[in-house]
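Structure below; questions to follow.
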């Protein structure tokens, strides 16, 4: 009756073309396009600034202090995947370092998202393998207890199904349900197209108050100006 | 009987010339010059390292998850201002991004200080608009409930009056009461002038114990040397 | 009956040659080599990325909000030392800045490790004096109450004896008991030598599952593959 | 494309008889029976000690600082339900007090589980309406933005489907998938039946080492006794 | 140019009769009556449940790890006062215990509110002297550095002027500006009077949706019911 | 070269008579008597209020998410001992429940101090077995990796040697080095004897300012009274 101890090999990944195009819009725009849901908690931070990626989720559930399943999930990675790792309880251990990153990259993984710690931060940065994690920690782990691969997980407050689209950048990590990938992409593109004109007007000194016609609604909501 | 729903248009800003010169001394020196009060909590961090600014505070009080008042405060910005934003309750949402930054810059704002989250961190960095915040988060906000602009607020543990001087750098954010701007500047300058000689002596190997004549007081306080 | 108020002048430092060679292997590798003990908590972060050092610990115990003993410990520094500072209670104050760093560098210190805050982060970065700390804070301190120098302390969850070897990099801070320095170095070197071949195999696409012969043990532990 | 703004009226609740019997075994036992998954984070605490309940989940997703949907979810409550509330972002506001509790009790709710704050803690205790929450806070909320009712949510790190069984006591809050209710109950009962004999033996001084035959495995795992 | 080192003897206290009547309404009701401002952060907790008090603030600003000013503030207490203590930086030390409580009670203090730790929790509970604090800690403090008494402070995120009204119960701590005491009292009384009828209706099964006529506004805001 | 995998059977316990008498003075008094060192972090809280104990430490170091060593340490318990448990990394799992408590009590243990979580809080309270812990959590653990028993550990920021005296009550947990037990007891008794007279004077309205002759030193330190 447990979800632990299972590796699901066949998962349905979100549409590759749609997923691949999500990265360019960034997490904030895609999150808005999707209706402001699906974000991981803001404690998830990139180990180095500037990376901006999208990919399909392969999921792994690990036991605190035990990274055995990292080797199991490696085999399930396909090019374009992002590994999303949850732990069955709060943990800050370093589950992942440069050797595993070498293996993940060889399999075609684009990034790791983990609700725990990673190590070899400097080498990972040099390798250009982006990781979003709760912390950096050298704390080593054992290989003693099995978890699961490609089951539904909760990572940093967000539900993730294997095959979902993941978008990650300096603003955080977003989960786009696989079935929403294309329409979310369309909505993000539309939103972005719309922002150029706004940006120009705001840059010229036009106020959002006027650009978005907020003055009347604000007054109705009770806003008062005093001197 | 509420403080919510008010925009104060006329505020008295701290002396511009004094405020503008505070930046060069940095937060740590000005904080010491001022008598070691007025600092925001150390969880307030710059979104990119190296920025060092001073300016006059325009304040805004927002509702959690609602950034409507950001557009209202934009209109009250004058060149040389720093927007200081507090939320009526703990919040990590992303209240501010590149579009609002474009607007704030067009109005002459030098920085944003916010006791919550911001987004578009990468673009803000490229734009060179410095932000000190509690966190970075893509979490979008609504525009539904009014707050206030240019009322006294508490931001990250520090009381801020509209018009106060704000100094911010990699060491954190400091609030200098408007009436103290000039004398704080003088004290900071005096302190800085005094540090060059000290630095040279310390660099040459002279100990602080001798430079500051601490040995006798330490002995009186009970310090004992053992082998 | 107190441990406060004592400066121990003569301490036995870990073997210099061994200590100096530890830095090259980095915290994660040395931590593994040592048997996965001795790490400080992961909230200890470098004020700038990329520094990688090893040295011998001189320890200092301070009172919250009081950095008087920083001047006392400066005198006990010998070239190759790393100052390790603990506070008698939780504190985020800025106990250390560029003047003290100038003094520490003049004495030959390689780094500071402090379970509290530091300030002048920007200048320390320019000086190239690495610090691992709980936070950055401009908050000034007084000089009123004595602590101790070169007594056993607990810093960020790790027990430190004066003279122990300290290794620190982007992955955190590690304490190697003085008596273990050489054998830990040997084990780290052996471990590192072993990793090159592994890295090549993993980079070529060989899985850890096969490289480490995990498939049978995983199956015995109950792991099941499903489609 | 949003999950916000939806109230699902017809949900399939876990088997009533099974759900009702889960409470007696308590969270720790049911969690073990279920395979050590499904627990909410340990920051979820009861507002008063001693309550021990089970029920079927009706879920609600709210906006930070906005408790409008609490009134919407009230209508969907059936006797034996437990309301499980998530917020779209971190929030500590007081979303729930004695008036809402009066309404929930009138509808037959057994408890509230909320990943945020509640207020009127004293009155709720007197009313005997148990709440598990992140904190207690008097902070009032607005009623301006819609959320959803009876959609899948993540609450305090656990995925919850409407209709799932919830078990809560002083040890925390557990989510049992609806389809697992009966078998989890059976496993919990079996586990409990088995514990009486163990407890007697341990009380008589028999060691777990012997009761569970651990000595040999420990020795194999490398445990050494020294004097 | 510092705010440290000052004891203000004459302060204007909020109207006694109004202040004394605030307690009966409790923090949540008074906070609503006041317009949802003035609350301290929810980490401020009572050391024992059930206390519900109101009083006039005498303020004290202390240095971390130093409780000297607690003895200074004792002299400024008048019957009906509540001492509100802030620290110049984050601190969890135990600034207050049973001896100081004895002195405070002899002076007529009704409670202590402190953004730090207290000790002798068990004895304080037996004495019936209520304290709202950030934590309980036995950590002793020194008496070496002066702070101030009866200056404006920020305590747990709320600005407090000497003489303001303080209301505290199991839901937290509220600051009512002195000038607002009577009108806040009136508004709280009106609110309370209004709640009895609501409670009865809700208890009879009437929904808030109908009692507050929310259905139409919810529909306008986009809420949709699905089966 | 690891500290893991060792059980030390023969340890020297602090003088039984001295240890047993420490409890009556409580943590705050003994901590002062000892010179204000040795306290664990204030996040260590009792699972129920009112317990006040002292005993001799048997120590155990566990792996995150793995309580195997709890059974090993049980055998090393002698009447009058308190088990002090540290984890090699941050963990909130529930390492201990009613069955282990039954075993510990049968062996004569007086309490458990653990820098992690415990479960069965309600039953432990009914059994009257006091526990000081970081949290309460039902999260189950595995039995797969060995740790050590009766080695020096760091628990919640305090260094603990096997055999040290432990004092715990509602104010927290204190470690008294075994060699200091008797003199600490004497100092605590002296301190307590001295407090009765002080308490009476303070209760009669005498101020600490006068009782401790602070007025002159305060004035010298710069304290100024203003109206």
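For the reader, a short list of remarks on this structure follows.
Should a chain be cited, it is by its letter among A, B, C, D, E and F, assigned in written order, with residues numbered from 1 in that chain.
To be clear about the criterion, contacts are C-beta pairs under 8 Å (C-beta built on N, C-alpha and C of every residue); 3 or more make two chains touch, one makes a residue touch a chain.
Note that this is a predicted model, so its numbers are computed, not measured.
Path length between chain C and chain D in the touching-chain graph (shortest route): 2. Within the contact network of the assembly, the step distance from chain E to chain F comes to 1. Interface note: chain B and chain E, two copies of one sequence, contact each other through mostly matching residue numbers (shared numbers exceed half of all numbers used). Its C-alpha atoms superposed on chain F, chain A is turned by 180 degrees; the angle is given in steps of 5. Here the CA centre of chain B is 31 Å from the CA centre of chain C.
In terms of their C-alpha centroids, the spacing between chain B and chain F amounts to 41 Å.
In chain B, the positions touching at least two other chains are 36, 39, 42, 88-90, 92, 137, 139, 144-145.
Taken together, the chains touch in the following pairs: A-B, A-C, A-D, A-F, B-C, B-D, B-E, C-E, C-F, D-E, D-F, E-F. Those residues of chain C that touch chain F in the complex are listed here as 1-4, 33-37, 39, 41-42, 88-90, 152, 154, 157-159, 180, 183-184, 187.
Interface residues of chain C, counted against chain A in their complex, comprise 26-28, 31-32, 36, 39, 42-43, 45, 49-50, 52, 169-172, 174, 195, 198-199, 202-205, 207-209, 212, 214, 218, 221-227. Within the complex, the chain D residues that touch chain B are 63-66, 88-93, 137, 139, 142, 144-145. Taken together, the chain C residues at the contact with chain B in this complex read 5-10, 68, 70-72, 74-75, 92, 94, 97-100, 102-103, 105-107, 117, 119-122, 125, 135-140, 143-146.
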